Amino acid sequence: MSNDSRREVGIGMIGYKFMGKAHSHAYRDLPFFFDPQVVPRLRVIAGRDDQGVQAAALKMGWQSFETDWRKLLERKDVDVIDIVTPNNTHAEMAMAAAKAGKHIICEKPLAMSLDEAQKMVQAVEEAGVVHMICHNYRFAPAVQLAKQLIESGKLGRIYHIRATYLQDWIMDPSFPLSWRLRKDTTGTGALGDIGAHIIDLARFLIGEFTEVTGMMETFIRERPIGEMNGGLSATSSGNEMGTVDVDDASAFLARFDNGALGVFEATRFAGGNRNGNRFEINGEKGSIRWDLENMNLLRVYFSDDEPGLQGFRTINCTEETHPYAGAYWPSGHIIGYEHTFINLFSEFMNGIAEGRSPNPNFYDGFRNQAVLAAVEQSVRDKSWARVQS
Amino acid sequence: MSNDSRREVGIGMIGYKFMGKAHSHAYRDLPFFFDPQVVPRLRVIAGRDDQGVQAAALKMGWQSFETDWRKLLERKDVDVIDIVTPNNTHAEMAMAAAKAGKHIICEKPLAMSLDEAQKMVQAVEEAGVVHMICHNYRFAPAVQLAKQLIESGKLGRIYHIRATYLQDWIMDPSFPLSWRLRKDTTGTGALGDIGAHIIDLARFLIGEFTEVTGMMETFIRERPIGEMNGGLSATSSGNEMGTVDVDDASAFLARFDNGALGVFEATRFAGGNRNGNRFEINGEKGSIRWDLENMNLLRVYFSDDEPGLQGFRTINCTEETHPYAGAYWPSGHIIGYEHTFINLFSEFMNGIAEGRSPNPNFYDGFRNQAVLAAVEQSVRDKSWARVQS
Amino acid sequence: MSNDSRREVGIGMIGYKFMGKAHSHAYRDLPFFFDPQVVPRLRVIAGRDDQGVQAAALKMGWQSFETDWRKLLERKDVDVIDIVTPNNTHAEMAMAAAKAGKHIICEKPLAMSLDEAQKMVQAVEEAGVVHMICHNYRFAPAVQLAKQLIESGKLGRIYHIRATYLQDWIMDPSFPLSWRLRKDTTGTGALGDIGAHIIDLARFLIGEFTEVTGMMETFIRERPIGEMNGGLSATSSGNEMGTVDVDDASAFLARFDNGALGVFEATRFAGGNRNGNRFEINGEKGSIRWDLENMNLLRVYFSDDEPGLQGFRTINCTEETHPYAGAYWPSGHIIGYEHTFINLFSEFMNGIAEGRSPNPNFYDGFRNQAVLAAVEQSVRDKSWARVQS
Amino acid sequence: MSNDSRREVGIGMIGYKFMGKAHSHAYRDLPFFFDPQVVPRLRVIAGRDDQGVQAAALKMGWQSFETDWRKLLERKDVDVIDIVTPNNTHAEMAMAAAKAGKHIICEKPLAMSLDEAQKMVQAVEEAGVVHMICHNYRFAPAVQLAKQLIESGKLGRIYHIRATYLQDWIMDPSFPLSWRLRKDTTGTGALGDIGAHIIDLARFLIGEFTEVTGMMETFIRERPIGEMNGGLSATSSGNEMGTVDVDDASAFLARFDNGALGVFEATRFAGGNRNGNRFEINGEKGSIRWDLENMNLLRVYFSDDEPGLQGFRTINCTEETHPYAGAYWPSGHIIGYEHTFINLFSEFMNGIAEGRSPNPNFYDGFRNQAVLAAVEQSVRDKSWARVQS
């Protein structure tokens, strides 16, 4: 029994670890919960390690696998290239995929530099393919509700955003020098990995950054050589040590073109914070707070609530009326991390059906990269830096 | 590319609404996250409404559908009968399935009466089939951690459990008299629907009940005739009114065979509590608290923590070391409601592979029913009632 | 420089430990924060231990002390008798004070039995003196706000109250058999000490109890002989053991004359709960939650908040508009435990000025005692018991 | 009955509004809760408004009042000058008081400029008087516990502090241009008023600042002329408008001499945050969080807690073992805002008895001013600024 009326698109994914798992799962669950205009099919997955990629394909339900990612571009049954590899490979892969006429979804940050990001935008533009960047946290129902509140004017003029992304998974000095800690593979450390997420949330909710000034620090400068497993755990391969050349922690002040002030901090040295992606936004008429670790909740304050009865409301964004929530379970039955991807991919599929690139797309990736670049510039200059627009 | 080494079992499911969706999803996601010894295949789904069941089958990925549930028992490619229909149908279906030699998983509460439950236990016992009852909340990683703490003696002798299941979805007097509000289809109201869940958690964590005394109340006695949609929403069909003959709210005191005291409350009239399944357990050496609405968190207090540094710890049970959590995402990336089912079904599949009935099974369903029956008895007698063992 | 326009009343207090400190402080701070119609003067304090009472008098600012409490009744400069002694002394002292024409404030529970309580009510009635019972938690601004919300109809018809008073200060088996653990001095254990507080809150907020059924338990039955210091700490005097003949824990179900259901639990064996006086009330249109450990906060849910924006508000009851809060500090500058007494005593002083007995007074003490008596009766009978009105 | 053995010191206070109330109350309550080596006597209070100061004196229990603050310096029965006036008067008063040989306690920030602060330090040094600055939040028991944890090495090397002081009392554009919003009377706005508090907490807990870079903003630039009442409420006197020349909001990044990074934000435009003085500190071995609005709680995380049982503990710092807490009530009976002053004044009295100036004193005020000055400098230069040491 099959649903013939729905158009299928073939997916080819490059990479298969933490993000590969999250994306694969999202493709699989998508038609169960949503009615996307096109349905993804898991055609082929690519990875350099023959055994690793085979096992991943089998486990995650891909129809085939390759060890050379360029093979995916040649396949007629592949409509979409999904890039979940280290950051230093994004540009080459995305530009090749665009050239091959494939729609593209790429993990964040988009590129290693603003220049690279610019070229990637040009490539997808010229090719006319649908493109997205995988800033999944926009797609938590609570964050979408935050967006609605701001856009509808319910918070009035926005004065402040303060956002942190606090983690602690590399605090142990024996955690190895994996690709996420090396400049050549990742560009920056905490800044580009998790800082990029809170920059995206700020752009989504508040608007464009105009200038920033920041600081970056590496607390542990020597680590054993080694690599990550899937997820965020890792194994070191021995006694050889290497130098960490990216930031363990970054923070920056920002101004937005609508006059708002921003304070941002991304660190992997905040013990006890496993995944502390949090923000508070203060507007003329109200405030909102969100925390990824309790991602279904949005805390909302309205200054025009009756005097004496004012206070932050704790809203469990699992009602049928909440964005995306109706696809899942009844009120109070929470969803989790993986659902942010399912929601994002539902937009991607609809974008493909309609021939448009939903936000966040490569333009958003470029703007995000511009903020990252300006923060780095400001740190080098010990001064404020304009964000390129 | 397929994984031939794994044995498959064919599933036949009766019913297709809220629980049907939760079960179907769990079967689908199970092999992605776990490596069960046997893999479920969604063979056939049964429902009385031809169009409804067809649409559900298509949407949820079932290979075929039937409008007569008995047809499922005749199919050789069906190894498991999954019962997600109203409570008044469980006994007949389960006994027929057992007779047909099918493994059975049944939604809770097991039966309409203790007598029925007893017969169901006998039926599965005689048939030698694998059986489980779907008390999914046991399978939240935080609840499993609670179990480990208690079993390992870390809390010492248990003094107290207080548990609530607070909801508010029928507070509107215009909510219709659906099957969940009629004695002939459901047995009891809040008591059997949500009270049964906290009884199961108490049995899982503390042990057997010995005696109870309770009260039951129906706050809104007349409602429009109508039926539920999937989930917990509903539509009334017109102006005709009917009488609510089950409890809107129930509460009871309990004693356990290990000397602990219990206080339980289940209500659908606790505004603002969408899904307030919560418990606190106090032992000689520590305490734990859990809340389904933040189901990834377990709050734990140890009285032997250093004086001055004692306090409830908020543990995000998403570490690789936490029960079931390693199958999903890195620390701090939360899971949701549906994962409790995936975890439960992973145990069910392993039980089938090994020819044993994992807990909670029909015996647990019977013991649960015995508590429900004793509460009802105590309300009738305005006295304490022994729980049949 | 003195404020001659304000009438003074002389206070004579019997007892000087934990409650003696709380009351003494309240009298002292009262004129600083409030403008009571009459001003208390700390004339004389009585205690059996000569040195102890002298030290207390000096420390707490009393003008004189006595070792025989009856001396206080003879003093012309004493207008008020304040009773903060063990429960078995309340009746004798209060009746003598009434006979002597003194206004009376008495710690809770009022008496050792309902009969005693009845006599105390008659005594103050016949004497025509002003009387109050010291249920101080009513006077937290957040609780007063709760009262306003209920009385104004903002929560609609009340369906539920669930209240706990959880403590853990006697969980250590070496904690001595102080007066608070002996039936002859205290009447009941957790029930009368802390259960009485949540009964009072329920009466204040919901209304009168009609019937109850409960259970009581003593987990540790033998303890070393010894006595409490001030506060809730204690020293045992040696190796001699004695039998605990009061309840370590009590719980009961209740029905109210307005149709609401109540679930109550008072225990001193809930590890990690230092002072867990908490309640949740659910009404037709909204719900409220309160917790003494964060006593400035009231959490309020309104079901008529805009759909999608519904959630419990966390209200910090420190606004000028909140009851009693204007007497203290600006918004967000919290008050503490002692302020509940200051607020209560401000009412007491105004009652004296106006010749009326503010609530909660001896009638409230009697009604409270009636609930305590009914719970004890229900435990003896293993049945429901009517609450005498 | 009096306690003759204790030495008395006479207090003369200049100013009598919000801080005047807090200080007066603290002097009064101090001997009740503590056993200070010297006991304060409320001799005289000064204010320019004859009627206002008289009423305040009467209400708060001062023996006399003056309208010329210089009169206080001449009085032999005045040993201590307490300065609670607007910031632009601190230097003149403190230097005159030092010259008169009086001990001094001064509200924060110490001065209008670093130069002024320097002169004040010289003055008290030359005079040899005891001096303190009133950074009261150090004296919350939870903050003192934080200090103990850091000093004892329990958190290891400190990596991060992030601190906010968020308020919302001037968000209404009709709130008048009171002295707290005028540069000539206050120096800076949010920065010096509330930013100074979090700078002090950071200096207390982490150590000295080395460099900073900040931003400042005024969201509402025109306000009606008017003045504050006591507390933080205010009345405008009419339609005349004036220009706000201080910051509504300030934020800055910081580096500390021990290598830690700091992120700070002080704003009066964070709706719903009545008094959001909060910090989180992350160290090598653990983390702590504190929030003034729940000031009794310290949240503490230890990375060497057993794997799987790690999480922030919520510690109610009301145990007898917690700093200052033993002076008050039993565990779980919380204290409030005013107690931070009582604790601070207990140190001040002991300092006077022993002839030493406890921290925070004028040196701390100077160091704090140096940070404020560096932030202002960095804003002017759009660059980092060194903090003068």
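Just so it is clear, A, B, C and D label the chains in written order, and each chain counts residues from 1 on its own.
Going forward, a residue touches a chain if its C-beta (ideal position, glycine included) is under 8 Å from a C-beta of that chain, and two chains touch if they have at least 3 such contacts.
Bear in mind that the values here come from a model prediction, so they are computed numbers and not experimental data.
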Superposing rotation of chain A relative to chain D, computed on C-alpha atoms, to nearest 5°: 180
Reference interface A-C: repeating pair among A-D, B-D or C-D with over half of contacts shared: B-D
Where chain B and chain C are represented by their mean Cα positions, the distance between them in whole Å: 42
Chain B-chain D separation of Cα centroids, rounded to whole Å: 54
Geometric centre distance via CA averages, chain B-chain A, whole Å: 35
Set of chain C residues in contact with two or more other chains: 273, 310-312, 316
Contact footprint of chain A on chain C as seen in their complex: 145, 299-300, 305, 307-316, 319, 321-322
Chain C contact footprint on chain D (complex, rising order): 1, 3, 18, 22, 24-25, 28-29, 31-32, 57-65, 167, 169, 231-233, 273-276, 292-296, 316, 318, 320, 328-339
Touching residues (chain side chain C, partner chain B) in the complex: 159-160, 162, 164, 166, 168, 171, 213-215, 217, 219, 249, 251-253, 255, 259, 261, 263, 265, 267, 269-273, 280, 282-287, 301, 303, 310-312, 382-384
